[in-house]
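Here the structure comes first, spelled out in structure tokens, and everything after it is commentary.
Just so it is clear, A, B, C, D and E label the chains in written order, and each chain counts residues from 1 on its own.
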Amino acid sequence: MFYYLALAALLFSIGLYGVLTRRNIIGILMSLELMFNAANINFVTFNKFVITDGMTGQVFALFVIAVAAAEAVVGLAIVLLVYRNWQGIKTDYINVMKW
Amino acid sequence: MGELKTQEFIVNVGPHHPSTHGVCRLMLTLDGEKVVKIVPFIGYLHRAIEKICENRTYAQCIPLFDRFEYVTSMSCNYIFAAAAEKLAAIEVPERAEYLRVIMLELNRIASHLIFYGVTAMDIGALTPFLYGLRERELIIDLFEMTCGQRLTYNYIRVGGVSKDIPEQFIPDCRKAIKIIRRKLVDYEGLLNENPIWLKRNVGVGYLPADLAIAYGVSGPVLRASGVKYDLRKDDPYSIYDRFDFEVACRPNGDCYDRYLVRLDEIKQSLRIIEQALDGLPEGPIKAKVSPNFKPPAGEVYTRIENSRGEMGVYLQSDGGKKPLRVKARGGSYNQLQVLPYFGTGGLVADLVAIFASLDVIMPEVDR
Amino acid sequence: MIWPVAIGELHGVFSWLYSLLESTGLSQPWLDIIRYIVLGLVVFGVLCLIALFLVWWERKIAAHIQQRFGPMRHGWHGWYQTIADALKLLQKEDILVDTRDKVVFFWAPVICFVAAFLAYICIPFGDKLIVADLNIGILYIIAITTFTVISLLMAGWGSNNKYALLGGMRSAAQIVSYEVPMVASILVVVVFVGSLSMVDIVEAQSGWFTNWFIFRVPFGPIAFVTYIIAATAEANRTPFDIPEAEQELVAGYNIEYSGMKFSMFFLAEFANGFTVSAIAVTLFLGGWHGPFLPSWVWFMGKTLAVVFLLMLFRWTYPRLRVDQLMEFAWKFLVPVTFANLILGAWMKYAGWYW
Amino acid sequence: MDAPVSLVFWILSFIIIVSAFMVVSLKNIFHCALFLILCLFSVAGIYLLLNAEFLAAAQVLIYVGAVSILMIFAIMLTSQLASKRISQTNENKLVAFFVCLMFGLSTLVLIANTHVWRYSAQALPEANVLTIGKYLMTDFMLPFEVVSVLLLAAMIGAIVLARKETS
Amino acid sequence: MTKYSFIIALLPLLSFLMIVFFMRWKEKLSAWFSIAMILVSWVMSIIVLIETIGNHGVPYEAFYEFLAFPQITFQIGILIDALAAVMLVVVTTIGASVEIYSVGYMKDDPRFSRFFAYLSLFLFSMLGLVLANNFFMIFIFWELVGLTSYLLIGFWFEKKSAADACKKAFITTRIGDLGFMVGLFMLAFYVGTFNYGEVFDKVGAGLVPAGILTAIALFVFCGAVGKSAQFPLHVWLPDAMEGPTPVSALIHAATMVAAGVYLVARSMALFVGSAEASLVVACIGLITSLLAAAIAITQNDIKRVLAYSTVSQLGYMIMALGLYGFDVANGHHSPGFYAGTFHLMTHAFFKGLLFLAAGSVIHAVHTNNIQEMGGLLRKMKITAPAFLIASLSISGIFPFSGFWSKDEIIATTVSHPVFLVFTLLIAFMTAFYMWRLCFLTFFGEPRDKERWDHAHESPRSMSWTLAFLAVMATFAGWVGLPWLSHGFAGFVYHGQPYHPHASWLMMIISSIVAVSGIVLAYLVYYKRAISADMLANKFRLLYKLSFNKFYFDEIYHIILLNPILAFCRWMWKFDAGIIDGLVNGTAWLTIAWANVKQWFDVWIVDGAVNGSGWVVRQVGEGLRYLQNGAVQFYALFILTMIVLFGLWKFEFTFISVNWPTMTIIFVVGVTVLAILSRLAPSEAEADGDTKQEN
């Protein structure tokens, strides 16, 4: 079980790194997917090793997948919008939060 | 959201693209799949036919004109011969005129059959192409029987035709007419009410009549826009005024109408051929014309209704045995010119359908 | 009435082979490994044979629809024409575009082929004639065939060609859209059977042929028709073949491919056509069930009949336009399939079926 | 873990970690997407090891079949940005790497030092899909509905966002 | 079938949704689809009625608790008892007739499908109202009915009068609904449940104080007053005639206005518990009935006459129900409940018929004014007889259905002489104004020759509907013949079944009253034996009052609108004079003071401000790098803090390095790396990428 959790932790860290450093929004979204997957691995692992009966973990993993899909859809729609408006999707440009 | 900018995208269609019917190059500016701008580039098939003609005698020009528009080379033969006859005031025998009409109309049917197959193929249905060519084969066989050629006939000469038709011609021709009549029902059944065909064609590529007239578009494309203009009726040449036929005309000006007009024309041509076969007189087939005849100095323009619109030849003579200046006009050229003005706004697939429905043939454009 | 089980079942051969293998006294893991390798090879062979046969068959059908003969010279009615073609493709020069994305360009046909190949693992070719009866069988096939899209996108991108890119994007949009109605059509059957396993689905249709799902009016025929439409689109066949549309995109995603790489796409396309037909047979037409003849003969016969249907579509219909295609999927097919799914679920719930 | 499973696990983990690293570090964003697909596919393999067949299939179907394709789509639509000339990472790179390394290490240590969850593998219900379905329709009815609404909202939102203003 | 009776209500909803989402452009399809749906509902409700009769009106109840709080539970459920079953049939019959009728009437209307969508939605809400098993649900459907009637009355919203009328109807009924809502709150507070059965049980057991019960009953009655257009909220109904005529027939004859009566009948247990409330109900009913009948006599608009007649008849029913409550509260038994509901049913049929026939007439002559009609009997061979049958019925002529139900109402009032007198008077007036209408419209010489020439019988979908309803208007009353031992009275009842006994005396008296009304109308408007103008002159005051609808709209204008307007005007004056003056004065003062301050400001304050500003700026110059607007940078910052926190909190060790050392290493590492990466040349500026544009 430790190995699975360790795998998830590493995957999560890598995803985190991607989120923090990617310049391309699509890259950030992809890294986010990695983090979601890390969480999912944890869910399924706990489902297998901890829960005595039932499939709660898997059900939750399923929910996470659905949420991730929704997130990707909306995220990419925003990406397209940003791309059309700024002619670029680098995060450096989108610093409206500064003002 | 305000103004959104989209990235435009330039694609070269051709010169070796399957749906350009030869070697035409269209530079498309695309917005996604939508066509924003069309720029046609021509000249890939330029052979300088007009210039070469200036160094040939009139009789020698006719084989060159075979290659002017090779899908209907009978018409090309005829148009030059008619111009030369007009210039030199040569009387053509009755039987020759009848034979010419039969050949012209057969060739028109052959051309429209190719159109039928090619259009269907451009829209994705592969089978009609072979159907169209199968019936065209009957006509080509007739030509072969008459003049020994299957594509470039060199049959119609100055002052008449080169050979008389063989005995087998008339029964074979009648049989072919019968078969084509029967097969036309098949064609219509295959496509006319096919929902996908309708979806792809109806309302696509609307060419308004005024734009068509402004750009000098002629032939089936013009008639599909609701202009009932056919040189066979409006400016009768040869002996067309003797035959009873209707001018096919449709009002909507979209791809579907252009397709229907051509099918209608096939039917009308069949009628003309039947009448011509019935009234075919006996007699000579060629007036006596010297091979090196010298027409008097002057200029002349003749025009006929080809399957792709008005085809004309302008001849200028200085009294020598060679023409001083030859200028040919083909319908395809004008149809290609108007394409950028009404072909934009649709999708790429629409453009292919429109291009197919115009039935442009590149050698006629480039000469 | 259960149809009489005919002799000549192929699974006997396999079990005999396996018992032979067992008698060598190898340990279980090794047995498994050998078994799977052998089965994989067999499936691979079957796939190649099917694809080759389908290419020949399609040529003949097309020819006969168009009133010609098609290949006639090589063997009886040109039966080894395709093999000759395949050999020709194998030894052709592999033309590589300089500006290609090297890795992507190389892997695209491989993935396409492997995806087509992997789907065969779950197809019940006959009674007990299935490589692995997964409990998520049909879902597995749907999932694995999505790799085809990725391969097409990779091909489109890797070729570094605008036509290819457009073709790849079109195919992705199309397949993703049509996956929705396809899955919804399949779900009707799944709801009724209560299992995702292919074998269970076939077993649920045993008995007289009225037990086939296509005869369970009203939802069965509707689901079958919608499935066939969606499957035609999934397999990129006319009237939904806009990704390759030679008159528009020249050849779409495989424009830059040649030689063996092209033939892999080609084979995969035919393999996919067979896969979707096999799914249709499994789900709606009773799978391997049938009287007198061995089950695998029935299965192949039915599948080829469905393939024949797809080929008829291809050689009679014009092609749709991109926007019309999407419109058809979202505005017509998706509502219909979902309504049908709800209807089927309701009937299952209310017990109004036989 | 018995030997074959363990072997498969190590192979899969290796692929996951390497491809995940590729996802965050490669310059060509299209390659990143392909590695993402590989990574997600391997994660599906991990699910299989954990007896979650349905989830594995769903993972492949949704992530590989839909989400990644959307990603690639977006990449293609915004293709000019994927060129290799442009740096794909921002100037936080070094700090972020260090911090993430620390985060990962500390999480690992945390996991290793936690003794609460030392359980052994459980036998899961045989009918995997059926059980999940039952859970979705009984205990998790409300979340299920919420997720449905969320997906619907996402769909509408995406349409609204991505629609071109036609005027 | 009773089990599935919720489907009856859902079918129109389905049709509404289908039309709205899928069939908007297919006009014929949407019409026929909604008609098919309502016909299915109709058949189902007939089956439900038969089943209910079969089990002797034993209520069937089914519900689903969709919100359960400890204090109160909200249910969604259906309750099918005799009353509901009868109402179902009535509503679906009228609904189906109106929809079929509308196919002809609304032909060529640009919003044809939308009309059917609205009709379907209305029927859904009305049927839901009938089926509801608790007050909460009835309130929801009540509001839905209000909404859809707003939409339908304002269907021709291009007409200003229609737009005004729909607003008026909506707002006026809303006043009543407010009372209803207060009643509901009180119910929830004192009784703790909304379910009919539980509420009535608790009320019956005397768990609610008497005063409270009276208040609840009156508040609930408020809702009925609004919806059923009772005095003083009756003003909206005549104006609502601006809607299309089928709508008038549907809303104002059979269904929506009947909802109020239905509510009173439904919650009869509340009224039975409180004699005072019941008396108020009865009086309101009587006043309404009398006033409306008086107004109806002088109106010239065919639909307005019918509208006032409706108000009058509704007042009748309310009065009967109120008297029943009063009698039972005082320990007597009374036919009032049965009479009210019976009249509700028969009235639905003949009033629906009247409206539809009136619509047919309007369709034919294109005017509402009966003074421009006349002689139409010869032109309209189906419409006119149908109208006359309905008039006979409403006037209470033997053996039409109105006779039987009206008789019962009169029988209810026998023990209350005051009511009896007025009831008979109203019956007389009803007969008079209805026959005035008939004679002016259908008999005599046409007064507008041109219109008469163009008049024609309506299309078949309209006239056949009329014929069907005429049959219903004639025979529907026979279910309540006093000689039937298991007639209507034995089926629909509250508490104990009432056994009516035929009273020849009452029948004869009522017949005489009705016939004399008709005769008077005959003399005045057909024979012209008595001049109408002379009568008007003679009773000048009464005539003017009646003709101007007792000045209700004007009264409301004076006592409600004018004060409000005056108050507004006063507020404006206050605003303009005093507040503005204050403001301006303040401004002047401020300017003066500002001049003083300026000197101080420029020299002293600015110096300090600029000084501090300079300091802040120098600090900000240093800090602004942290606030660079990039989300990722913020996220990194957050993560750094998290790790720091983790290092501090969990106190774990890395390979024998303890946590303070670890923390120091971490912080130093982050700082050094951050400085390093800032110093390195930025790659972003090196490439020639597109620049940011906004």
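Keep in mind that, in the parts below, a contact is a pair of C-beta atoms (placed from the backbone, for glycine too) under 8 Å apart; a residue touches a chain by one contact, two chains touch by 3 or more.
All figures in this text were calculated on a predicted structure; none of them were measured in a lab.
S.K.: What chains, if any, are shared contacts of chain C and chain E?
M.R.: Both-contact set = D.
S.K.: Once you count every C-beta pair in contact for both, which comes out on top, A-D or A-E?
M.R.: Of A-D and A-E, more C-beta pairs in contact link A-D.
S.K.: On a C-alpha centroid basis, what's the spacing between chain A and chain E, in Å?
M.R.: Each chain's C-alpha centroid was found; their separation is 51 Å.
S.K.: What is the distance, in whole Å, between the centres of chain B and chain C, each centre taken as the mean of its C-alpha atoms?
M.R.: That pair's centroid distance is 45 Å.
S.K.: Which whole number of Å gives the spacing of the CA centres of chain A and chain C?
M.R.: About 33 Å separates the centre of chain A from that of chain C.
S.K.: So the centre of each chain is just the mean of its C-alpha atoms; given that, what is the distance between chain C and chain D in Å?
M.R.: 28
S.K.: Residues of chain C that contact two or more other chains, please.
M.R.: none
S.K.: Residues touching two or more other chains, restricted to chain D: which are they?
M.R.: 54, 58, 66, 73, 86-87, 90, 92-93, 96, 99-100, 103, 128, in rising order.
S.K.: Would you give the residues of chain E that are in contact with at least 2 other chains, written as numbers and ranges?
M.R.: 630, 632, 636, 639, 684, 689
S.K.: Under the stated contact criterion, what part of chain C meets chain D in this complex?
M.R.: Per the stated touch rule, the residues are 29, 101, 103-104, 134-136, 139-140, 142-144, 146-147, 149-150, 153-154, 156-157, 165, 168-169, 172-173, 176, 179, 194-196.
S.K.: Can you check the complex and tell me which residues of chain A touch chain D?
M.R.: Interface residues on the chain A side: 1-7, 9-18, 20-24, 26-27, 29-31, 33-34, 37, 40-41, 44-56, 58-59, 61-63, 65-74, 76-81, 83, 88-92.
S.K.: Would you tell me which residues of chain C are touching chain B in their complex?
M.R.: 62, 65-68, 162-163, 166, 238-239, 241-242, 245-250, 315-324
S.K.: Taking the complex as given, what residues does chain A use to touch chain E?
M.R.: 16, 19-23, 28, 85-88, 90-99
S.K.: Could you list, by residue number, the parts of chain E that touch chain A in their complex?
M.R.: Result: residues 627-632, 635-636, 639, 684, 689-690, 692-694 of chain E touch chain A.
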